[in-house]
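Should a chain be cited, it is by its letter among A, B and C, assigned in written order, with residues numbered from 1 in that chain.
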Amino acid sequence: MSVSEFMQHLANGTSLGSLYALMAIGYTMVYGILRLINFAHGDIFMIGAYLTYYGIVYTSLPWWAVFILAPVLTGIMGLILEKLAYKPLRGSPRITVLISAIGASFLLQNLGTLVFGGRPKAFPIPKMLSGTLKIGGVSIAVISIVIPIITIILLLTLTFIIQKTKTGMAMRALSKDFETASLMGININKVISTTFFLGSFLAAVGGIMWGIKYPQLVPLMGVVPGLKCFIAAVIGGIGNITGAVIGGFILGLGEILIIAFLPTLTGYRDAFAFVLLIIILLVKPTGLMGERQAEKV
Amino acid sequence: MKNNNLIKSLIIIGLTIIALIVMNKFLDSYLKRIVNLCAIYIILGLSMNLINGFTGLFTLGHAGFMAIGAYTVAILTMPVAMKEMNFYMKPMVPFLLNLKMLEIPFLPPAASEFLWFIFALLMGGLLAALCGFLIGAPVLKLTDDYLAIATLGFSEIIRIVFTNTQSITNGALGLKGIPPRNHLLWAWSFAILTIIFMYSLMSSSYGKALKSIREDEVAARSMGINLFKHKVLSFSIGSFFAGVGGGLLAVSIGTIDPALFKFSLTFNILLIVVLGGMGNIKGTAISAIIITVAMEALRFLDEPINIGPIHTNALPGLRMVVFSLILMIVIIFKKDNVFKSTLQKARGRYAKDR
Amino acid sequence: MLKIDNITMKFGGVVAVNQFNASISKGEIVGLIGPNGAGKTTIFNMITGVYKPTLGSIIYEVNENEEDITGLRPDKIAKLGICRTFQNIRLFKELTVMDNVFIGNHLRLDSGVFSAVLRLPKYRSEEREQFEKSRYLLEKVGLYEERDEKAFSLPYGKQRRLEIARALATDPKLLLLDEPAAGMNPQETQDLMEFIVDIKKEFKLTIFLIEHHMEVVMGICERIYVLDHGILIKEGNPLEIQNDQKVIEAYLGVE
């Protein structure tokens, strides 16, 4: 493999990793607070992409406005999802809520098929973001550079929100000790809503960039990335945001580079994440950055 | 009293068999397929309920085990010529290609075929059970949602492997022309046997031990129950029946490909189990029939509607929207009742005292 | 029968039990007392394999065989004949009273799962024995009438007795009781004491118990270990314990 080819793969893997990271954050934040795998998160990502599609194709808004508006709307949808599918089940066995989440995921997928149609839609890519750059003989897609930059900006913003704002502090408190924190006068509903909003917002941004990178939208587009990003969150240590980002990059880079070096494995690309998941669960179930919780008898 | 129950069960089984024979004679092939699917989903629902409902292990890998059973049965029962026709992209491994029915001496061919098919189904089940055993050994130490995601992962891995091992499974093209076994008594005999097996297992000491694991793992192991052994046992038996169900599905629909065994198949079974009640044998059997029939009956939702002056376009997706809603409504409004006896205790509750 | 040698249990930086030593002889009733949070249940958890001690060893002697059971799996320890009850009652709540006891005897079952499903003769005779045993134990603890009730529907005191019956169903040689009299009124406590002495005699048990009710400890225990902040502060017979300055301080606090 030539150096320039390798650099291309690296850029490709980094941008894929960034996308995984954006989505993994949503899983990890929700799991941190509610101990719930939000199965519908991948479908929220799909909805973010579709909303953007409709915004650009059917309204006269400039593309950048749609790129901001669509994630906000998706965030609100995420928040509504929590109110309808998860909130009524607080205090129920965890598995019950997990089943509700699986139901919600299927509901969104099929609503997607119903409303958006099952046929693939071509994502309208803004001119500015298409094309390739040539850097020292290596041609790299513009989007492969834009994605990591946007990811970093969003991550810094998120870190600020979590570390410095009151809601962010409440989030951290809830994920450390739900019971105690809720007795301390924290408005649980508000914090949970914020969590879902932020997670869904990031997923939608991921969806938009996914659409630019792989410009074909189908209602089931969120399923596989959704599972993989949950896996990324587990690899990093679920509940830990830094871990989710690291997990996302490990997965994105790993997936691309393994195929780059061993092209015979191309067909097994989607299996990589699952194999990694199982190895991690067996070797270090708490993930790379997770903490262990002792069982009380 | 015990004898009374036995007599009652025998009468029910007898009537069912008569009804099946009558139906087999008069129903058209479409309706027969639905009746067959009911039996297959009973087997699948019960096998998932054994793992999820009775033992309290939340697993989502059923589609994968079904795929193993389905492919095993297909490869064992398809004639060599049919296999050659299927594998036009890449030839099949000669060993598998030449696998064919053993003619048993002194038996009429029909009897040989009969026995061979049963052998194929059992092989499908056993291979699925073996996979269940191998997979279960490492992952059953995980709990709750980790176990769910790990088993889902395995099921996906199986599917991806089947898509890529072209010379064994014919890859994404799938297998067509699996010799059909449409007589209703096939699938239903296995369904009835599965029901009897589950009743017998769950009322035995082993079944009770499985339930105790669901109730309280810490107490169960302190009472000398080897958690690992019993969990693997439950998981392997469940996988066995999933494999048998997959095999029956293959001979009922005649065509299989990896896309058939996606997570949505597991979802259907989960729907049956949740509706029928976790840890409820009778409920699962009834809900399997209801869901299967409803899935077919509501197919019209996906199609264009023309009732008098009302015309709508085809609405693909509407049917599954309805089923997802049913699942969510059941789970939200029945809440704990769905798990009548499941999973409260030490496992912690969602966002309360975890 | 049981030799506990210098066991220590650390959780992260917290030392829950520090170098605890004890030995129990066959046929004794031994008490373990101490203020809340002293590490008593942690010791039970180490003996029964729920926790693996950070340091130290636990030697179990049965039929003249010495066996190191330190860190062994709980089900293996139960099979060797050590069984327990739990401080915060851990019955199989949704199962019937009968099933709870029945499951206790599952570990002695020889037949495999297929002989159970097919109801082969060997399994059937084993099951009959298992059932008879459960029935006897339920009669013993006075719960036979309630055999078909779900365990959670029993009143508290009966749940405690059911837990003991379940533990007895495992055929233990050493029985660990974690606060058996918790939440009982004086009459129930009195009955419980007689019951413990009675089962000890009938099943040839050795009993190690944690208890806060002093009348129980002083009434039936032959020897007592006192634990405070994870450290053994005194060992002796009831009389010695009652008059020990250190023990009194541990309970009443000291200025």
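Observations on the structure shown:
In the analysis below, a contact is a pair of C-beta atoms (placed from the backbone, for glycine too) under 8 Å apart; a residue touches a chain by one contact, two chains touch by 3 or more.
A quick map from chain label to UniProt name: A, B = Branched-chain amino acid ABC transporter permease; C = ABC transporter ATP-binding protein.
This structure is a prediction, so every number in the text was calculated from the model and none was measured.
Nearest to the overall CA centre, using the mean of each chain's CA atoms, is chain B.
Contact counts per chain pair peak at A-B. Put simply, the chain farthest from chain B by mean CA position is C. Chain A and chain B have Cα centroids lying 32 Å from one another. Here the spacing of chain A and chain C, counted between their Cα centres, is 49 Å. The geometric centre of chain B is 42 Å away from that of chain C, both derived from CA atoms.
For chain B, residues touching at least two other chains, in rising order: 218, 342, 344, 346. Contact of a single residue of chain A with at least two other chains is seen at positions 297. Touching two or more other chains at once are residues 50, 86 of chain C. The residues of chain C lying in touch with chain B in their complex are 48, 50, 73-75, 78-79, 83-84, 86, 90-95, 99, 102-107, 109, 113, 116-119, 123, 126-127, 130, 166-167, 169-170. Residue ranges of chain A in contact with chain B, taken from their complex: 33-37, 85, 88-100, 102-104, 106-107, 109-114, 118, 178-179, 219, 223, 227, 230-231, 234, 267-268, 270-271, 273-275, 277-278, 281-282, 285, 295, 297. Taken in their complex, chain B has these residues touching chain C: 197, 200-201, 204-206, 208-209, 211-212, 215-216, 218-227, 233, 237, 340-342, 344-346.
Against chain A, in their complex, chain B makes its touches with residues 58, 138-139, 142, 144-146, 148-150, 152-154, 156-157, 160-161, 163-164, 218, 263-264, 267, 270, 274, 315-321, 323-325, 327-328, 331-332, 335-336, 338-339, 342-344, 346-354.
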